[in-house]
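Below are two complexes that have subunit A in common, paired first with subunit B and then with subunit C.
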Partner chain A sequence: MFKKIKSHFATDDVEVKRQDLYKVGVRYDRLFELIHMLRDEYDYKILNAITCTDWIEEGHFALTYMLTTLDRKHTFMIQTMITREDAHAKTLSEEFKQAQIMERDLHEMYGIDFIGNENLKELSLENWVHTPPLRREFDTLEFVNNHLTFREGRDDNVDTKAESKRLRALKKAEKEAAKKAKEKAETKEIKDGE
Partner chain B sequence: MENKHITIFHGPQHPGITGNMSVELNLIGETIQKATTHVGYLHRGFEKLIERRTVIQAFTIVCRICVPEPDPNEVNFAMAVEELAGLKVTPRAQYIRVMVLELSRLAAQFLWMAGQSGSIGLYAVGQWAIADRDLILDLFEELTGARVYHMYIYPGGVRRNLPEGFLERVSKLLEYMQKRLKNYDDIFINNASFKNRAIGVGVISKEEAIANGYVGQILRGCGIKADVRKDAPYLVYNELEFEVPTQSSGDVYARALVRRDEMDQSIHILEQVVTKMPEGEVMIKMPTHRKFKLPKDDTWVKVESTRGEFAYYMAGDGSEKIRRMQVRGPSLVHAYTLLEDLLVGAELSDVALIMNSLGICPPEIER
Partner chain C sequence: MTEGFLQEQRTLEGDLNSDTSHKSSVDFLMNWFRKRSIFVLAYGTGCGAIEMPPTFTSRYDAERLGIRGAATPRQADVIIVSGYCSYKTLRRIIRTYEQMSNPKYVLALGSCTVNGGMYWDSYNTIKKLEDYLPVDMYVNGCMPRPESILEGFIELQREIGEGKASSWQKYEENYDFYRKNQEAVLGKKVEPSYEADWYLYDGGL
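Showing the complex of A and B:
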């Protein structure tokens, strides 16, 4: 199998990662051919997942497809690179029904357009108009500071040092007041006694 | 009177929903014409958070990805980190991990029993199951210091050794469970009120289950012997004897029977773990966490959770931070590809019953 993949797809990027896990890197234009070959000739008939990694420094996304054999003993990671700018790929939902929701998830998180996928509607983010959040350029802290405001009185918004100083002073004042009240009461008792 | 279409939301706050998600149901009378799953009620951005943290900092949040069953997340995370960093865990730590995973499986099955019985109004079962689950949580509290989020299966081993006499207490609990589970057969599994509701409902065909990549009890309920512990053994599962229970009818009742049999198998595995527990260290020497770097490489690890195959993709980039970690639990495909199809033609009163039998956990959909 490895020999055929290497010669047919002109790649040396085939790796045995574990007894049950193999990985192959393939050019995007040969991706579907390889997936079809593994499915039809080598029993890799189950699609477990599609995942994406953002290599912003290199200017591409790594799309990885996990295919497992029918007896579930071997998994193949098929990796291909697509450019980050105008990121798009053909859908796999015609071959595997479950790819539909996996691609919808990646579309939302990375902004990849899966051509042919009929439903790429928002999944867990509502009315999201900003950079897709799993792209590396999306800075969570910057987004929070620019778009959200802390509610008045929330613990998150408290300067903890100043607050603990204030609480300590308050406690001290209370203690002193109690002490004074006690002294006053004692003096009164003595006076009454006299 | 003419029946008209009505649309109602089942969830996100509903006793019959398994977590914070909702299903939009289009009904004629009480029969469902169309079902649309909606998530987004508890998106906490775990995968984004993890990219900005060091390996050990990231470890503290993975258990929060699934409340009913956090331990498969911990073990997946630990196994992925160990594989990328080339670390090898001691045999004792591996046995302890199996023990924690199986105890957690039992606890999650009790929680399922509470939900599944509650979905048809058998509330007594739920009260028993929660009380019995608590006995397992007591052991977890003693072992890890926490009842639900243990943060115990640490990269490199487990966080601390077993307390004195712990294995005896596990054995004692297992003896109790074996007797106790028979009571659940009487009140729940063999109860006519459950059988009448569950048999022939939520039927999934074998062909569909294979083609669409369903996992866990859905496959085993259709008669397919699929279990990661047998198919691609991890930790020390290849040294332990156990069966993979199956049923053939593919309905809610078949899945319930599979789960019930799995509880017996978990007890059987735990008994072996108690007898075979090796001596030795539980943690290997780890690099200082600020200097702990993962090489530029990636991997895919998977375990069998209570609901089926649970996998992580992890990629390192040579820095102290994880470049990418994707959680692939069974719920994403089950809640969309499967549930939206399965509910069409079902009755409104069966929605909770069907959802519970699939064991959908929304936090792992919107990681």
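Showing the complex of A and C:
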């Protein structure tokens, strides 16, 4: 099977991750061909998940399709790259019904446009107008600081790190002072003894 | 174990003697009736909802204090916001709260409603509930145990009895303030779409 995939799809990126888990990287234009082949010839008939990884430095999204055999003994990860700018992909919901909601989720969180998907309405972020939140250029903390108000801390609120450092230094100084005093007393005793 | 129960016993027996000299006896009676029959909306958000069943069932038995469940917002006196509110939940909470009839009270559970709690840097969770709804009583903890929830209820009952709990009036008077804050996070259309068949409408869910 691997040989066939390697020769047929011109890819070297075939990897056995685990005894039951294989990964293959494939060009986007060959993706559906590969999925069809796995589904029809090798019994990979269950679509587990579609996930997305944001490679912001390389400028692309990595879409991963997880396919499982009907006896649930083998899983195939099919990874493909799509460009980050104006990200779009063809929908898989004609082949696998469950892909519809997975793609809807990806559309909400990454802003990937799945062409042919009948409903890409947001699931949990109603009327969201900002950057899709799981894109890496979306700065969560900055967004929270700009859009939401925090409760002010109490008056006796202190920076715990600085405070513990200060207390530790105080304790150390105290200890050294005690040590010095003890030494002094001892030397005095010795002197008295003499 | 006895700590929570001692206070409950005190409220069961001894609060008829509280100072009511500045109020008419009708007021006193109204408040007394109100505080002795608190109907709590069966609505839970976030993880705190899991602490409410034990509070209301036989182990902690809130009904002996006059606190019991209500099926719909129109019949309820208290809404418990039991944990973090995402924007989507907040829409539903606001609608539910505005459906309730006066007098109505808000009990907020957990540190998430106080200052965001562990969701302090979440883009989808509000940090201070009192910006969006008037809160009568906060119960802190993550999550508060049923004893703490009962304590919160007893404190709320005390305030109702004294006539101090008047957050619904505050909401009406400062409606512009609350509405402004709600619109700031939820957009101009605060209320959720109102289709009865929402799970079928517009592609579903």
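Note that in this section the second predicted complex is superposed on the first by the 150 of 194 C-alpha atoms of A that agree within 3 Å, B and C clash if a C-alpha of one lies under 4 Å from a C-alpha of the other, contacts with A are read in each partner's own complex, and residues count from 1 in each chain.
To be clear about the criterion, a contact is a pair of C-beta atoms (placed from the backbone, for glycine too) under 8 Å apart; a residue touches a chain by one contact, two chains touch by 3 or more.
Quick caveat, the model's predicted, so the values are computed rather than measured.
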Please name the chain, subunit B or subunit C, that touches the greater number of residues in subunit A. B
With both complexes superposed on chain A, which partner does A:Thr149 reach: first (subunit B), second (subunit C), both or neither? second
Could you tell me if A:Thr140 is touching subunit B, subunit C, both of them or neither one (first, second, both, neither)? both
Report for A:Met102: first if it touches subunit B alone, second if subunit C alone, otherwise both or neither. first
First (subunit B), second (subunit C), both or neither touched by A:Leu125: both
Under the stated touch criterion, which partner chain does A:Phe2 make contact with: subunit B (first), subunit C (second), both, or neither? neither
Between subunit B and subunit C, which residues of subunit A are contacted by each of them? 123-126, 133, 138, 140
Contacts from subunit C onto subunit A in the complex sit at residues 86-88, 91, 114-116, 120-124, 126-128, 131, 184-187, 189, 192, 202-205
In the complex formed with subunit A, which residues of subunit B make contact? 39-40, 43, 45, 47-49, 51-52, 83, 210-213, 226, 228, 231-232, 298-300, 302, 309, 311, 313, 315, 323-324, 326, 328, 332-333, 336-337, 365-366
Along subunit A, where are the residues that touch subunit C in the complex? 118-119, 121, 123-127, 129, 133, 138, 140-141, 143-144, 147-151
Can you tell me which positions in subunit A touch subunit B when the two form their complex? 17-18, 20-21, 23, 45-49, 51-54, 62, 64, 66, 70-75, 77, 96-98, 100-102, 105, 109, 122-126, 133-134, 136, 138, 140
